[in-house]
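Following this line, the structures themselves.
Look at the two complexes coming up: chain A is in both, with chain B in one and chain C in the other.
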Partner chain A sequence: MTPTPARTSNSRAPRGNATLTRIGFGIGGILLLVVVWELYKALGPATGVMIGDLTILPRTTDLAMPHVWDMIGRLFEDGGTGRNAVPVWLAVLRASVFSLGVAAVGWVVGVVVGLALAVLMQRFRTAESAVLPWIILSQTVPLIAIAPLVRRWGSQIEFGDFSWENWMSVAVIASYLAFFPVSIGALRGLNSPDTIHVELFRSYGIGWWKTLFTLRFPASVPYLLPALRLAAANAVIGTVVAEVSIGLRGGIGRMIIEYAQQASGDPAKTWAPIFGAVAIGLVAAGFIALLGVLLRRYRRGESPA
Partner chain B sequence: MKHSTRLITGVGALAVTALALAGCSSGGSTDSTDSADSGDLTPVTLQLQWFSQAQFAGYYAAVDQGFYEKEGLDVTILEGAADIVPIDVLTGGDADFAISWVPKVLGSIEQGAAVTDIAQIFERSGTTQISMKDENITTAADLKGKTVGSWGYGNEWELFAGMGKAGVNLADISLVSQAFDMNGFLAGDIQAAQAMTYNEYAQVLESVNPATGELFTPDELNVIDWNTEGTAMLQDAIWADSDRLADDADYADTAVKFIKASIEGWAYARDNPEEAATIVTESGSQLGESHQLWMTNEVNKLIWPSTSGVGTINQDQWDQTVEIAMDTPNETGATVITEEPPATAFSNEYVEKALAELKDEGVDVMGADFTPIEVTLKEGGE
Partner chain C sequence: MSEASVSSPEPQPAAPAAEVRDVEVPAVEVRGVDKIFTGKKKATVTALEEIELTVAPGEFVSLIGPSGCGKSTLLRLIADLDTPSTGTITVFGKTARQARIDQEYGIAFQQAGLLPWRTVTANIELPLELHGVGSAARKARSAELLALVGLSDFADNYPDQLSGGMQQRVAIARSLAESPRLLLMDEPFGALDEMTRERMQTELVRICAETGAAVVFVTHSIPEAVYLSNRVVVMSPRPGRIRDILTVSLGSASERGEQLRENEAFFENVSKVRELLHGEAPVGIRGVETR
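What follows is the complex of A and B.
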């Protein structure tokens, strides 16, 4: 009995250090980016680096590359007057929370649809041959083509007290991008148990549903987690792009366009919503990491991603 | 089974979080104006061509000041976006009226869209080609050999027509695709950049000139105005569904009321530019205060003083727009339209009724003594 706690305490110490090291590297990476940015801005040619007529590195003017401290300082000044008289960071935070919410709905819908398709394809070989090509084809349709269509179809949906809102169209578009990696990853995962295990279940006379929940789902986790991470990234991108496309008010996508229109007179402000978009991506990735912790018992044989 | 319970708990926790986030999001998603709960009002939706900004001040003012409500209309304003084509929304039945530029719609009409210009709100064109003073570009003829910017997507026709009139071929210039901002112009990549008087021109005047350390001034810029070059095309107009106008008497009646209240809104924006700018900002526009006021003032200049009563489609201006749309090829050799648009493409029937009623009520629809205000732009448009 005694070796177990001893081993845990032994292994915990280096793990704590490892975490610190990783945080250190993370902060170091950001600092390095800041240093590279400012160094290039200070030393690079004002007209940018060009090969022939092709610019390969940007201009170093304040217009093209504002100082990092200007960008951060701008976050703490007001975004405008009247209704817009809130600090930029607060406006960006609100927009980020809004977009994250829409992306989360899109992610959940995408994951549910993706899992359902994977289960269907695992169960019926015919379904796999019939559906899989369509799943792949679906991802070749350009987002900007479907976004206005989804908004218009959605606006015709109305029953009882329920009426379709524009944010739902954005969530649908996010889910459209999110379901793809889940369906592909989950299908591989569901098919991953060794034949010997499947045959053991069969010889005990265990039904398909129970095999699904006790064997196939747990076995699919190592395949599913990277798929969920991809789905989260896709949902965030889909949300921001769809917001731009259909002009949904309140989110980070529209804020990027609105601030970009002021880019000439207020170049530092343009970067604020971009920081917001990065933050959304980090939160979404953190969420999946948390999910990975919850499911750690099933993550046998997964190479760390 | 223990495993699957854990799994379900995990997924459940996720779902709850997502729903909580969704709850946060639904609060901010109303992009329509507040609608009165009165059952007697006729619901009307108007599709704009871009986000809320002072380019549409008259409509927002008409909502805010209750002009639509007075006519028995409950108007919801739908904002535009990058991929929203107002005429498609109109013909799809998701909006009752739409705001769009005439040349952009002429192409849709030729492809079968049954829509009618029922009120030509902007009489003048706001499109210009601007350049730094030292480039010496004062007329379309001077564009020869220069780097010329354009947004494309139907914004290029006045420029191409002006060049054609001055004998400058597309091969004589280097055409550059322009972005939302004026950074390409300020950096010198574009010698003559496309600019709306009410937006991009102001963006330049809100930027610091690195040479002087002060904001750019109009003295440092040359402006080619397509109104004076003679190749202006009609811009913001109110479009209605032609079939519904013909078949549905109620809709035709609503169209008159809608035009009437909209013109009243524009008259309000003319007489109260500061208030109108504030109304637009309150509706959710992110533009800075001085930029918004500048836009209101410049848009007023495109409307007032009016030649034949605001909203009237002047035959000569319509003909000029159609002629340019038929005769001016773009860089691929294509024209906007290949034949004359049908007679249903515009109608003065509704706007004339609206103007008659407004005159009876004592509203000034000519703006003969209109004088624009002086707007001082601040850095970044704040």
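What follows is the complex of A and C.
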């Protein structure tokens, strides 16, 4: 779980030919998936593959496994009647943008909280031994359990023009999942400068805060980037799941449930919001990759392992 | 850098400066210092015992001794990176702590310790930047220092693009950035090959002559200590004590060139330090003029 600098080498800023090769592999991977899907659908038994009572491969009916081109085609047809009379792709796009926004808020809050905790733990040894066990324990509480709690507490918050809304509960839950890798990764990163560097700053008579910003934060970047990537993935998952458990409308989580209920009559449509969820994940990952490129100066020390 | 642009007063030859030193405030004064480390389970290590040492301004003093005799510990005490268990240390008449805060010394360790995300120039400018020196002044100073250590062509490179010896030279340039009157160096050439090492030694002698800085220099190499120093402090381990102090009179810094290494007096001093290190008590070494 703990992010290490070595991981980031997988996503090291690619250059020139390497970029093309990577894109090629990416497209190849997707094509391979499509081919395997269609091959199994064409050749596999309609009832699926069973061992005893256990289904180990799904049925190949159109209901369970629609054709890839049907799924894609469905994106460009209308989603329903009345309010839903827009192409499915547009509905999915709107829901994705909404969920991405909520996830982004959750990510930012999670990152701020995680960094603050890491700084606190770096500064005070006692804080580390007092807070760290709680941080780890916090992640063992199931999401389903905290969702109603957050919603109930949130609904009691009201002052002036501000009133708590459901999307804020979802963002809070996303941040709850996002802060964990950040706090752990950042703590390791902040503690990563060599003794020689710390003593050098001491010999310059530089205080803790200035050392934090000129030495510890730059040195923590190789640890922070994989943590931020994990946090982004957690924020997206947390948002989608929390949308369902809190019952927030407008996002991709709710859409997955709604479309799944229509699966028997319209199996290809079920997949549309799933593509949306994948797209959100890709955007989030792309954002972190961009961050990595912007911060590449601070990643020179990374081991190529 | 040419000799003409040296800003300090003319390099003081070591010998005539001796009389002046008595009235001057010493660069480093170590009085009755013990250092006891308390480890786990109350186990204690006496790293230093009854250390008495005075370093005059502009003087080059080497600390030499077997591994674990407390050389690094003594240097770290002077730098106020650690505090003595008993005794006092003053640097230019101030407490070690005040001297650190006032930036009275520059320090270089065995590893270069450059920040990997900063260019060579930015690494050299680090102390200046941290102490709020303006960017124009920083630029001028780093250019000057790069020329001094012969790395002007590598100003915009990152540390990982340099060899170990070049990194070490950057670290030395960085330690000189604020023109300290005292340089503390802990085996700065330890990681270098013999050829680079000798060249660096010659450069260091020249730099010290140009800047007039006092140096406390930790080393494992006898010839290095003899070549560089005005005085060599020989230490013995467990507990770490000063066994003897040998005055090396090989002429002023500016007179020392490569040919010195072939010199008769040089070899004489080398063998004296060796005898002291190996614990035999050579008769009448102390105070004997070697010329």
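Here is the rule we go by: the second predicted complex is superposed on the first by the 286 of 305 C-alpha atoms of A that agree within 3 Å, B and C clash if a C-alpha of one lies under 4 Å from a C-alpha of the other, contacts with A are read in each partner's own complex, and residues count from 1 in each chain.
Just so it is clear, contacts are C-beta pairs under 8 Å (C-beta built on N, C-alpha and C of every residue); 3 or more make two chains touch, one makes a residue touch a chain.
All figures in this text were calculated on a predicted structure; none of them were measured in a lab.
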Fit or clash between chain C and chain B when superposed on chain A: fit
Contacts of A:162 with chain B and chain C, given as first, second, both or neither: neither
Which of chain B and chain C A:205 touches, first, second, both or neither: second
Partner chain(s) touched by A:244 [first = chain B, second = chain C, both, neither]: first
Chain B versus chain C as contact partner of A:197, first or second or both or neither: second
Which of chain B and chain C A:61 touches, first, second, both or neither: first
Chain B versus chain C as contact partner of A:297, first or second or both or neither: both
Which of chain B and chain C A:218 touches, first, second, both or neither: both
Which superposed partner A:105 touches (first chain B, second chain C, both, neither): first
Shortest CA-CA distance in Å separating chain B from chain C in the superposed model: 7
Interface residues of chain A shared between complexes with chain B and chain C: 214, 218, 297-298
List of chain A residues in touch with chain B within their complex: 59, 61, 63-64, 79-84, 94, 97-98, 100-102, 104-105, 107-108, 144, 147-148, 151-152, 155-156, 165-167, 213-214, 217-218, 244-250, 254-255, 257-267, 269, 287, 291, 294-295, 297-298
Residues of chain B that touch chain A when the two form their complex: 1, 3-4, 6-7, 9-10, 13-15, 17-18, 21-26, 28-29, 31, 51, 79-85, 88-89, 92, 94, 179-183, 186-187, 199, 203-204, 206-207, 210, 278, 281-282, 284, 286-289, 291, 379-382
In the complex with chain A, residue positions of chain C that touch it: 79-81, 100-103, 105, 107, 109, 111, 113, 115-117, 127, 130-131, 158-160
In the complex, chain A residues that touch chain C: 194, 196-197, 199-206, 210, 214-215, 218, 221, 297-298, 300-301
